[in-house]
Amino acid sequence: MTERSTPRWRQASTAVWLVAGLLALLFPVLEHNAAYQQIGVYTLIFTACATSWNMFSGYSGYVNLGAGVSYGTGAYTMAIVSRHLDPNNAQGGASLFWVCLLSGVAAMVVAYPIGLVALRVRRHTFVVITIAIFFTFQLIAINASFTGGTGGLFLPYIPWNASYYDVPFYYVGLAMVIFAIVLSALVRRSRFGLQLLAIRDDEDRAMGLGVEVGKIKLTGYVMSAFTIGMCGGLFALLQGQIYPQFVFNPLFDISIALMCFFGGFGTLVGPILGAVVLESSQQYLTVQYSNGSLYLILFGALFLVVILFMPQGIVVFIRQKRKQRSDRRIAALGAQ
Amino acid sequence: MGALTDGVLTGSVYALMATGLTLVFGVMDIINVAQGIFVILGAYLSYTLQVHFGIDLFLGLLITIPTMFLVGIVIERAFLARLKGPEKTAMSILVTYAISLVIEGLLNEIFSVNNVQLSASYVNESFKLFGIYLPYIYLDGFLLAIGLLGALYFMLYRTRFGASIRASLADQSAAALVGIDVKKVSTICFGIGIAVTAAGGMIFGATNSFNASTSYDLISRLLTIIVLGGMGSLAGALVAGILMVTLEDLVGVLWSPVWSTMSFFVVLIIVLSLRPQGLFGKQSARVA
Amino acid sequence: MKKNAMALRSLGIIGVAAATLLTMSTVSGAAPKARGTASVIKIGISLSLSGDFSADGIAYKQGYQLWAKDVNAAGGLMGHPVQLVILSDASDPTQVVTNYKTLISTDHVNLVFGPFSSLLTLPSAEAVSRYGYAMVEGAGGAPSVFSANLKNVFDVTLPVAFDLQPFAKWVKALPSATRPKSIFYVTSNDPFTQPVVDTARSMIGSSIKSVGHLVFPSEATDWKSIADQVATAKPDAVVLGSVDVPTVSAFMLAFQQMHYTPKIFVCTAGPDQGRAFTSAVGAKNADGMMVPNSWYGGSVNPMSKRMVSEYVTQYGGTASGVNADIAEAYSVGQTVAAAVKATGGTDNAKIMTYLHSGVTIATVQGAVKFNSLGENLSQTAYTFQWQKAGTAFVQVNPVGDKASVAIEYPKNAWGK
């Protein structure tokens, strides 16, 4: 990141980020259109999930395609607990936001045994095992009685007016995003994070150097489940009812991974960028191309182009371009 | 008894489709989540040949298998061969998922979303064996699947090219060192992996009605089969495929259909906790 | 310090996105206002044009469009032309909510019509209730939709649980000599089919000996082993709780392969899909298959006849091949149109009061009259059957109804 170190650049970038950050904070105040507010909330949920997913999978190289397990567990925890707390629909919604914390904890509790089993294999096999475990959870949700089966579960109805319904969700989502980013940044800078990165580079070598790879991987996996679980809880509350196939959604798994690869796998900013760009463009495409099959073809083709031309994601792509440019400049200076 | 025969017969077809998937993974470290849509594509090819050209389902395979082989080769060359690096496996899922979206969209455009089913006299008729009715299509499908699997095994274990595939399965870099053109092997392998879906798709389409979105059910089943059998293990795919369908049918008959799918996943979880690499998987290089 | 910078930067990116959304919304929000003429009545609809419900979603779209075309041809609603704004939700309950919010806050639609399936109806009804909009729909008849106790939901179609009532009455009333001796109930554990089969089962009770009751998971794909169990019991009658064509066709194929023809084979859904059904199973095999529904293409209702002939002119096919979804969608349009005329405008609060007032509205599906939950109980359920080697889809129940023709009982052998 040396190319960023000129004081002028630093000042300019701080100013840009400051303005943009302020916008993020003020978004619901400036934007009263509920549809866009809701897209804002979903974007935040995906941003938090992608950041958290990247904190384990991006740093360690163990690509988890079963993040939906944490998300779904969080959503069902929220649904079951909130129904229990507020069986008569009496309290309204705001008092239920704290249940998200429980959703996060539940997701961690579930993640622990999964991690114990799934993390024992090569990382290529790990990818598929996480998918298989994901489908197991989806099936349980479909067939068990405490989940309401395919009929789904209904949460207490929140009687807020449409014009500010999404606002509290937006700020809770924003808090989750900030939490996920700070946690991810802290991990990256810590000894624990370095160990994760060492596993990604060469697991055998890391083990040779005395890294307790099993323990480190498991810790990272369980930690990343927390925020994803909280987001699942928030989603359930926002949505008002949940169905197994939509909270244990294979598309969720793929989207999260795609966002991270698109933005920059293993980088801090990449997942945020990926989530923001992909979530909003997907919403846009859906609305624009109401013809279903055309949408599929376009989305798939776009998706292919991006992966093939920027396999390491936007952030790495831009960094490389900038580096090339500064290298050229240095070379030119040297030639003079 | 009926459930048992059904299980073995249908299971062998799943095994055939899963073999393509596990072969591709073993040789290339690529997980082809488009396998489900390729099965459906194969089924639609048979459907088109039958409806528009009046070509018999089994005879049509002479056309559809090479076609699907070519489709596989093109896709491998155009997209998958470009994937490199440690995240290749994960990237391959994204790439093949994108491919499956495009194909799904195209199939919806061409064939609409209405379900269709392949029909032929041997689809509706059956014969009596030990007191149970056995539909011809199940028997024919079983024979076809076993025949193709046999041919595949023969190719792998009795030919030079097969030897180079097996070498690549065992260790890619070592295979490259002894002068095997791993790139070429990969391309052909992917072609074979897709070609089997032409046969699998035809039998699937004759025993189930389908449209493009049926592929989602298929791919989740195929993936769990190869996880249970052991990723990259051909024998594993065969055993797990048959085991899955038989188990589901038996539980459905003896207990309740609600738990039939679950039962397979219970077995899967138990096996994975004892042997994370699956029934026939290679022991992982490192045990943490 | 550096950590703060990181967090700030990330916040910044979200800010940029927020700014993009703001611009997008300003642009899209401004456009219709500039162009829009006050006299157009805009109706917002989210439909599943791709995904699991796409077959029904597309049929619904045709039904709504047909209604709009007819209204506009007749001079519009109280002189105002009607304009449909349709968004696709890809069968996703999250997207459907976003869509209705977009329709109301960006497109400024005056009214909304319902999406397809109860799964999507409930979240969208909740969302539009926050704006005080009425949700008149034709495909949200599951108990869950009404148990949410929303004041703005109106389902023009008879609640699904009652679907098999006329069938149950007919079969019970058969003289004991000809009445089926045994019956098998087999159903998907789906919230929309299980209540139908359970109601029929309790109505038929012990008048026919039940030789089996099986529930299978709704995500099952291998129906053969389940169907084989039914065939092995050789019941005279089979009641199948199915959600779609693939389930029914799998059972039919398995029965055929097992050389078993039930005398009665009634399914909760599938055979009602017109051409989509006959093309999947083959017309000859469709013969004798029965399905409950609130409407069919050959209905003698004059309104319905007109609609069907228009549909056939526009999209081709035959009257019996017209999907019941078309009529459901059309009825939604007619119900809302009646409410708009009666209340003199598009005030949603007045429309809801009017629809709750117990008035009866005539639609292509028959009479619509809502109870306090928004259910339409005044409609009669019918049972339909494919006859004449699968070329005709006719009403056979209720028996006394003048439009009913003689039931094909026992059902012919497969392919005859």
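Some points to look at:
As written, the chain order gives the labels A, B and C, with residue 1 at the start of each chain.
Just so it is clear, a residue touches a chain if its C-beta (ideal position, glycine included) is under 8 Å from a C-beta of that chain, and two chains touch if they have at least 3 such contacts.
Since we're looking at a predicted model, the values are computed, not measured.
Most remote from chain A, judged by the distance between CA-atom centroids, is C.
Pairs A-C and B-C differ in how many C-beta pairs touch across them, and the larger number is found at A-C.
Here the CA centre of chain A is 32 Å from the CA centre of chain B. Mean C-alpha position of chain B lies 36 Å from that of chain C. Touching two or more other chains at once are residues 50-51, 54, 189, 217, 219 of chain C. Residue positions of chain A touching 2 or more other chains, listed in rising order: 139, 143, 292-293, 295-296.
Multi-chain contact residues, meaning those touching two or more other chains, occur in chain B at positions 108, 258, 261. Touching chain C in their complex are the following residues of chain B: 2-3, 6-7, 10, 108, 113-117, 119, 123-126, 133, 135, 207-210, 213-214, 217-218, 221, 245, 248-249, 252-253, 256-258, 260-261. Listing the residues of chain A that touch chain B in their complex gives 61, 63, 65, 117-125, 127-129, 131-133, 135-136, 139-140, 143, 200, 203-204, 207, 213-214, 217, 250, 254, 257-258, 261, 265, 292-301, 303-304, 307-308, 311.
Residues 13-14, 16-25, 27, 30-36, 38-40, 42-44, 47, 51, 139, 142-143, 149-152, 154, 157, 160-162, 165, 174, 177-178, 181-182, 185-186, 189, 239-241, 243, 246, 268-269, 272-273, 276-277, 280, 283-284, 286-287, 289-293, 295-296 of chain A are the ones touching chain C in the complex. Interface residues of chain C, counted against chain B in their complex, comprise 50-52, 54-55, 58, 189, 214-217, 219-222, 224-226, 228-229, 232, 244-246, 249-250, 253, 256-259, 275-276, 279-282, 414-415. Partner chain A is touched in their complex by these residues of chain B: 25, 29, 31, 79, 82-87, 89-91, 93-95, 97-102, 104-106, 108-109, 216, 220, 223-224, 226-228, 231, 258-259, 261-262, 265, 268-269, 272-273, 276-277, 281, 284-288.
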